[in-house]
Amino acid sequence: MDIRVQDAPFDYGQECAGFGADRSDIGAIVTFCGIVRDEHSTLQAMQIEHYPGMTERALHKIASEAQARWSLSDCLIIHRFGRLKPGEKIMMVATAARHRADAFAAADFLMDYLKSRAPFWKKEFSGEGAEWVAAKDADEDALKRW
Amino acid sequence: MDIRVQDAPFDYGQECAGFGADRSDIGAIVTFCGIVRDEHSTLQAMQIEHYPGMTERALHKIASEAQARWSLSDCLIIHRFGRLKPGEKIMMVATAARHRADAFAAADFLMDYLKSRAPFWKKEFSGEGAEWVAAKDADEDALKRW
Amino acid sequence: MTLDILYFAWVRERIGEPRETVSTDATTVAELVDELRAREDRYALAFSDLSALRVALDQDLADFDAPLAGVREVAFFPPMTGG
Amino acid sequence: MTLDILYFAWVRERIGEPRETVSTDATTVAELVDELRAREDRYALAFSDLSALRVALDQDLADFDAPLAGVREVAFFPPMTGG
């Protein structure tokens, strides 16, 4: 289990290349990457605030829960904080398992919990000002799937 | 939509790095990678046979179906054939979407259909001989989810 | 009618060749299978359990009762194991 | 009892500072919120709608009726938006 909370960018391609590379019991890898989206070319930046200490604690708890529920060979979470520009990669998760169903379910689960149970908050800056991103009911509802 | 059926290895990390890199409307990327597993260190090689022509046709059909069902910005399938060694990457899919639910569902769907509806067959070679990998009932059942 | 018949995986191994061209009056896949079965033991063996086989007509999956009218290429193979 | 209180996101912006240390006799989070609300308008504003707030006690999510006995650090923030 590898969990990193960092200000610095990460290299998604390199992380994917290295994940599970030295294991022979892995048949399936699933990765997810979240990106700062700017559909209408109005976003200037996204500021991500977090709760140092609790963040790491929450991510470990979520990852441990995933490892208890599914048969995983490995699990990676990287989440950035600070100021990000449109197109920048915010975070990624990766799961490795013998079989694809475990890898898929665990990655999906990690994302649902990261979304609503890890102490991050996003603020979007555009030409019209700044606004905190509101949590969606759909994200809270998604937790009921598990 | 990018679909490749090839004998040559592919670079999973590089494909992940490049996928959707020039789009600003993407908020979520999901990738899946299938690997030749060798849990008990008995496997010498896996031979993948396919049906040239029908394979490309089937993959395009499956990818088009995914794009019709979910709101996807992009979609990639790479599948190898020929002789692979344990630990080698067999195939990958990648999906990009505005929102994570679409990217996850589409990647999961692609994998379920690739597993049972794309004309590939696997033969495993070990010290004890060679054996065709049998299709699993669970894989056929998985299609009923969609 | 002349058909290209393709075999894959263990079907190919049992038949002993990857493809052949046949002349047939069969109107459905099932009739074609009956003709092939009657040829030689290796065909009878390959087609002994149709539930373990899949068929594609001109590169689209089909059922064993599908008509052959207009078809150019028939392929027989075990259930697929991609991914 | 002395508590470190942390504020995040718009709660932090409304209160005007990221953290403070308070002395309190509150026995539950709800009682602590009542004390804070009574202090100044900026607190009343930040805590006007508890359904829009979440609380963590010593870095674990908790309910507003949770007891404060033994707690060192209380954090208030809006629903999280990770990922």
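Just so it is clear, A, B, C and D label the chains in written order, and each chain counts residues from 1 on its own.
Please note the rule applied: a residue touches a chain if its C-beta (ideal position, glycine included) is under 8 Å from a C-beta of that chain, and two chains touch if they have at least 3 such contacts.
Bear in mind that the values here come from a model prediction, so they are computed numbers and not experimental data.
Asker: Quick check on the contact graph: shortest path length from chain A to chain D, in steps?
Answerer: Steps on the shortest route: 1.
Asker: Set chain A aside and report the joined-up groups of chains, separated by bars, or one piece if nothing splits.
Answerer: B, C | D
Asker: Distance between chain B and chain C based on Cα centroids, please, to the nearest Å.
Answerer: The computed centroid separation for chain B versus chain C comes out at 26 Å.
Asker: Centroid from C-alpha atoms only, then distance chain A to chain B, rounded to Å. What do you get?
Answerer: 23
Asker: Whole-Å distance, chain C centre to chain D centre, using C-alpha means?
Answerer: 71
Asker: Between chain A and chain C, what is the gap in Å from one C-alpha centre to the other?
Answerer: About 48 Å, centre to centre.
Asker: If I count partner chains per residue in chain C, which residues reach a count of at least 2?
Answerer: 83
Asker: Among the residues of chain B, pick out those that touch two or more other chains and give their numbers.
Answerer: 34, 100, 111 - these are the residues of chain B that touch more than one other chain.
Asker: How do the chains pair up in terms of touching? List each pair.
Answerer: After working through each pair, the chains in contact turn out to be A-B, A-D, B-C.
Asker: Using the touch definition up top, name the residues of chain A that touch chain D in the complex.
Answerer: Residues 34, 49, 51, 53-54, 57-58, 79, 90-91, 111, 114-123, 132-135, 139-140 of chain A touch chain D in their complex.
Asker: Once bound in the complex, which stretches of chain C touch chain B?
Answerer: Against chain B, chain C makes touches at 6, 8-10, 12, 56, 59-61, 75, 77-83.
Asker: If we count contacts the way the header does, which residues on chain A are in touch with chain B in the complex?
Answerer: Residue positions touching the partner: 11-18, 20, 24-39, 41, 86-87, 98, 100-101, 103-104, 107-108, 111, 142.
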